[in-house]
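One chain, chain A, links the two complexes that follow: it is found with chain B in the first and with chain C in the second.
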Partner chain A sequence: MTRNVTNRVRVWLLAGLFVASVVLSGSFATTAQAQTKDPIKVGFSMALSGALAGGGQQSLVAIQLWAEDVNKKGGLLGRQVELVFYDDQTNPKNVPGIYSKLLDVDKVDLIVSGYGTNLIAPAMPIAINREMVFMGLFGMNANAKWEYENYFSILPAGPDPAVGFSEVWFKAVQEKFKPKTIAFIAADAEFAQNLKEGAVRNAKAMGMEIVYEQNYNPKTADFTPILRAANAKKPDAIYIASYPNGSAGLVRALAEVGTDAKAVGGGMVGLQFAGLMAGLGPMLNGIANYDFFVPEPTMNLYPGASDLIARYQAKVKAENLKVDELGYYLVPWAYANVDILGQAVQAVGSLDQEAIGKYIRDTEFTSVVGKIKFGKNGEWASPRTLVVQYQGITNNDLDQFAKAGTRKILLPADISTGDLQPFNALRK
Partner chain B sequence: MKYTFEIICMLLIVGLFVLTQVIGNQFYFFIGFVILQYMVMATAWNILGGYGGYVNFGSAGFLATGAYTAVALINFLDVGLVEQMVAGGVIAGLLGLATGYLTLRLRGVYFAIATLALAIILETIVAHWDYVGGAAGTSILPKRKPELFGELIVDRKAGIFENYKEYLFFLMGTVAIISVWVARYIENSKLGRGLNAIKDSEEAAECMGVPTLRLKLIATTISGAMMGVAGAPLASYLTFIDPLSAFNLEYAINAIAMPMIGGTISWAGPVIGALLLGTAQQVSSLWIQSELNLLIVGVVLVVFVIIAPEGIIGWFRKSRQGSGR
Partner chain C sequence: MAIFIDLLLNALVIGILLGGFYAALSIGLSITFGLLDVVNIAHPTMLVLGAFIAFLLNSTWGIDPILAGIISTPFFFILGWLIYQVYYNVFEKSGAESLRGLAFFFGLLFIIEVGLIIQFGVDHRLVEAPYIGESWNIVVGEEIDVAIPFRLLVAFVVAAIATLSIHFYLTKTFFGRAVRAVAQDMMALRLMGVDPIRVKRIAFALGVATAGIGGALMIIVLPIEPSVGRLYLGNVFAIVVLGGLGSMSGTLLAAVIIGIAESIVATFFGPSWAPAVSFGILLAVLAFRPEGLFGKTAGAH
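Up next is the complex of A and B:
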């Protein structure tokens, strides 16, 4: 009798557990807000958790700001814009299901990508199969194999992104130091490897001898052995292609071990994030790295970007959002990603994907990141990557990174705000 | 009737095919593919872990072996999906056999750690194998109009399936049904009884004349092969594959959690576990806050370990015995 009662309790507990799972699904139901008057739905996946969440979360806020702006102006084609998005957890496996749900269940009218190449690629066949225009955010050569004519990339690295990404860094280093030897340190992961491949081509084109080349596991915590091994080869420059965790580890290793190389940095992802900049503080001095937008006075060539970032920072503060507090790295680009699509829809006057695609291919756009013209495979017709050097950082105060002077623009020359200094000249 | 189960399996395969012809919403095929893939993984894990008591933490390694075998074959010969799955199964099966030889003298936690290490070694090898994309990964372009035995398989107008996802769903469903049939066959055969004896006491089984090493090698080979078959279509499903996604720990965790929840004593346990947990995960990923996804796995697993340590199947059996008294 007692046993039967216990068993029944267990049945109800087990049943309750699964019912709770299903009920939860209703109570936490998606972010999409029902709108009256048949809104235009824009669907996307975004890395809101997992390894790329730092970038994904600020991108989402930027896209929400765009939707607010558009809706304030009366929407697209006279209809309000509604965002429908899901967290891909930085896991490519989730992406095909998400885009299928967006198109088949949520019936979105437009799609844009999540953040990063390996989260863009799994959505490509769906976009192609449905003949949808597909905007890609920070994808490196994501369309190289597909050659889909209605894919457009928001990554200012030019028609050959792998090379264009680091070209300006090599140009700056070559002009100043004329290095004969170079060491490469790169994460064993998709973006970093593509970056390194392009950087190696740039180094060879400039006649540099590669004296050290080491890939590291993305889970590596201690980088001092790698740095010591690179130093043993006495390179004139060290090019690093790393993800946020590795970038932080390598900066700390540089502070501990040091180096005689005149130029260090290149493709260190994450050093642009507010949390890492504040955390690393003076350890960043001397590192010359790629960037896309910094608060230097010459960045005024990007109309509206400073205003957008100010609005982003105010929103983050007012709503106490747990995202990047500064938003320089991705906010203007994520905004431009949807802005261009919106401009095209408005110009075409319909949601005809073929017409929207043709318009984007044929048009030079002006958005918060300046003028954009797309070239082969939807990549930018010309590169616009910056190379900046961290200078004059004295403490870990985040506010200093929101002002001019801590990240001097070295190239492009027309917006330059400083000269490249030898790495050790800026270290105490 | 002697072949009732086999007839049901055949009817289910026919049913899967009918589903691909009548359902127009592709979303269900995406979701269905993932759940069915987990069903194969859970069933494969259970052959060694559930029947034999050898806990394999390296399931992702076997799955990725199948996936990367497919990538290599696509790059080398541009073969079709069925050939990729057969090759993925053979290579992963051989890997299972080799792993068995090298590690089956280990038991308990030592065996589990060895299988985890195997997955890490394989991931390192793949990350440095540029032919399959290395650490940077590679995009896979599925054939626009694949054929099998001269028949056009996928084509919007003239193909058996209208699109590639229907084809992937049907193939994975068929593999899942065959896997369940194999697991059931093993469970009721000398092999299954031998593995159960090993699970209870390997020394006692050896003394009773059970060829323990041979049975364990057969189990690791079959389990590995099934995981390899499940992994082979992964590259075509994602159209982009890199070591981080192919060797994702989530596969290993789910391959263990699903049989544990469903019950490891029977072929039906992994099926029930995969259906419940796989569905809950997909629902949570797309309708609930995604952070709850892994939390659901963790909470459900902990609750089952406490309330129903032998899973749903075990609990039902006990419940029946209890009410029969």
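Up next is the complex of A and C:
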């Protein structure tokens, strides 16, 4: 009897152990399966408010379009992609905290930058310290001081971006007007200062005498005194490296005070944004500025970009998003920024940062902005900046900027759609 | 020499006009902070709200931004009335206005900003008006001419009218004197049978109401986006303190001094020094006159 009871207990114990082992092994298997199927988290800060939010918001929509595309195709490494992002408020002080949180709390697998040099630079030490591959969106020479081998820049300004960014503008101006003197007006900000430094080198290389060189504070409310002071030096050309507030202020000052300079513009950020283009309207006529994508008929450098922009515009309209309605300026580039990282992860077959970095360094990529090969410091091996001139703008309608003719491409010569006109010849 | 005179004259004129604009941004704070001792740090963001209302009326119905500012002023008066009611009941009544009151206005700043982002997005906005982008060129002499941008001239004239109206209202009317009295001795006012809270409520509403016209001037002078108010937070407080707390004419004069200093420094010494010089003036004045240019000394109270 006692033996029977003991045997029965043993049977129950064995059965219990068996059930427990099945349940536990099952749950382990489920956990392991869940781990492999956990999404790949891509983390970034983005200027969703503040002075650069006009660019930041359209970049975010572009990155979301990329994530949708990737997830539709089954994700990366068989896992869905999840975006984790925070608003940096266009404030560089917020950036280090955001990336620390992304890596330590959110445990993201991959990181990319926010929009613009001022917001890339503060994230660089963290990316380097954590040995993460870091894709930079429109960073002007952001890696020059660090020389970090796993930083890669999406800015088509060539191997020496400070020089390459403005080189095409100087070529166009030199070819047409051969200016002897030049004035420089630049914002007191990382991007504008790097840009001015390169532009000064271009001006000197072309034998131009610098007659005025001043920086302005982002709080500047009125730019007429600055323009008057520059005009007093009678420059043949005025190169401006400005952020959106300053760009708009200087365009208005140009309308009110005028200038005798034959060429004006260069590195004015914000004039590519739908809100400012429509708001400034005819005041833009005559300004020659950098750009990366305009709706001109020869703009066939990037075959995938037009489709992407059309999708972006449809999404903005359908979802009534309060973002840039056109999206020419940043959408293809923000998409390419994450697309290249995704292509590298897929090719390497893992999230090993060193392997991903090596793959990006060694590979020529094809994305919505054409073929991309990275060179020294992660910059582009060859520049592809456009110089355009605002021409024939008669009113403040936004629609005209979605059509050809308002931003004529001056250079590169093979896709040129217009000639550089003297600034005042295009003013009323 | 002609170039120097030309630059100097233009810098002075632009400085004065710019000062008028700064006064329009600061006058509301001069009432709420200077007279009523309510640290309304949300005031610049309320100005941005005023600017967006002007943008909305201008872009939808083509209403002139100044007229839009006048139309929105009663709305801001009611808004100010309600805000003070909440502020008084929750913080001031219990004597918790110093730190928690500050947090309240900080929160208000964020709520307005986020509301603007949701409604209008983050793009820079501008308005259309015949006086924007045009200037009046006055030939003074050979190689000397003064260019007066109409948008700054309009801003100056409207700001001067608004500032002087408030100044005369506060100094020449019975209610104005009551507002000044409430700033000096609330208990004495209460003993005279006047409800000081009602006076403060109306005065606060008046201060907030200036955001209607001030915001309209803001979008005439600058491109705006929801967070642009933060850029001018320091400047408006500096002007109110420099002018002397509670002095409307002092605020106007301080704004003009700051405007001229910025303009001259930008013209002759480089624009990046302009904000430093403005705050340098503030520090220098406060070192010799802690009560500001037109502020009353402690003894006078």
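By definition in this document, the second predicted complex is superposed on the first by the 391 of 428 C-alpha atoms of A that agree within 3 Å, B and C clash if a C-alpha of one lies under 4 Å from a C-alpha of the other, contacts with A are read in each partner's own complex, and residues count from 1 in each chain.
Convention: contacts are C-beta pairs under 8 Å (C-beta built on N, C-alpha and C of every residue); 3 or more make two chains touch, one makes a residue touch a chain.
All of these numbers come straight from a predicted model, not from anything done at the bench.
S.K.: Identify the partner contact of A:D188: answer first if only chain B is touched, second if only chain C is, both if each is, neither if none is.
M.R.: Touch status of A:D188: both partners.
S.K.: Touch check for A:N129: first (chain B), second (chain C), both, or neither?
M.R.: Only chain B; A:N129 stays clear of chain C.
S.K.: Which partner does A:P159 contact after superposing on A: first (chain B), second (chain C), both, neither?
M.R.: The answer is neither, since A:P159 touches no partner chain.
S.K.: Thinking of the overlay built on chain A, is A:L48 touched by chain B (first), by chain C (second), by both, or by neither?
M.R.: So A:L48 meets both chain B and chain C here.
S.K.: For A:P295, using the defined touch cut-off, is the partner it touches chain B, chain C, both, or neither? Pick first, second, both or neither.
M.R.: After superposition on chain A, A:P295 lies in contact with neither partner.
S.K.: Check whether A:Q89 is in contact with chain B, with chain C, with both or with neither, and answer first, second, both or neither.
M.R.: After superposition on chain A, A:Q89 lies in contact with both partners, chain B and chain C.
S.K.: Between chain B (first) and chain C (second), which does A:V105 come into contact with in this model arrangement: first, second, both, or neither?
M.R.: first
S.K.: Quick check on the superposed pair: does A:A221 touch chain B, chain C, both, or neither? Answer first, second, both or neither.
M.R.: A:A221 contacts chain C only, not chain B.
S.K.: With the two structures laid over each other on chain A, which partner does A:P244 touch: chain B (first), chain C (second), both, or neither?
M.R.: second
S.K.: Do any residues of chain A touch both chain B and chain C, and if so, which are they?
M.R.: Residues 48-49, 89, 188, 215, 217-218 of chain A touch both chain B and chain C.
S.K.: Can you list the chain B residues touching chain A in their complex?
M.R.: 25-27, 29-31, 34, 124, 127-128, 134-137, 139, 141-142, 163-165, 237-245, 248, 250, 276, 280, 282-293, 296, 299-300, 303-304, 307-308, 312, 315, 318-319, 322-323, 325
S.K.: With touch defined as at the start, can you tell me which chain A residues reach chain B in the complex?
M.R.: Per the stated touch rule, the residues are 3-4, 7, 10-11, 13-14, 17-18, 21-22, 24-26, 28-30, 48-49, 86-87, 89, 91-98, 100-101, 103-105, 118, 121-122, 124-125, 129, 142, 144-146, 187-194, 197, 215, 217-218.
S.K.: Taking the complex as given, what residues does chain C use to touch chain A?
M.R.: For chain C paired with chain A, touching residues are 3, 6-7, 10-11, 14-15, 18, 21-22, 113, 117-128, 132-135, 147, 149-152, 221-223, 225-228, 231-232, 235, 262-264, 266-268, 270-272, 274-275.
S.K.: Can you tell me which positions in chain A touch chain C when the two form their complex?
M.R.: Contact set of chain A toward chain C: 48-51, 53-54, 56-57, 89-90, 188, 214-222, 224-226, 228-229, 232, 244-245, 248-249, 252-253, 255-258, 270, 273-276, 279-281, 283, 321-324, 396.
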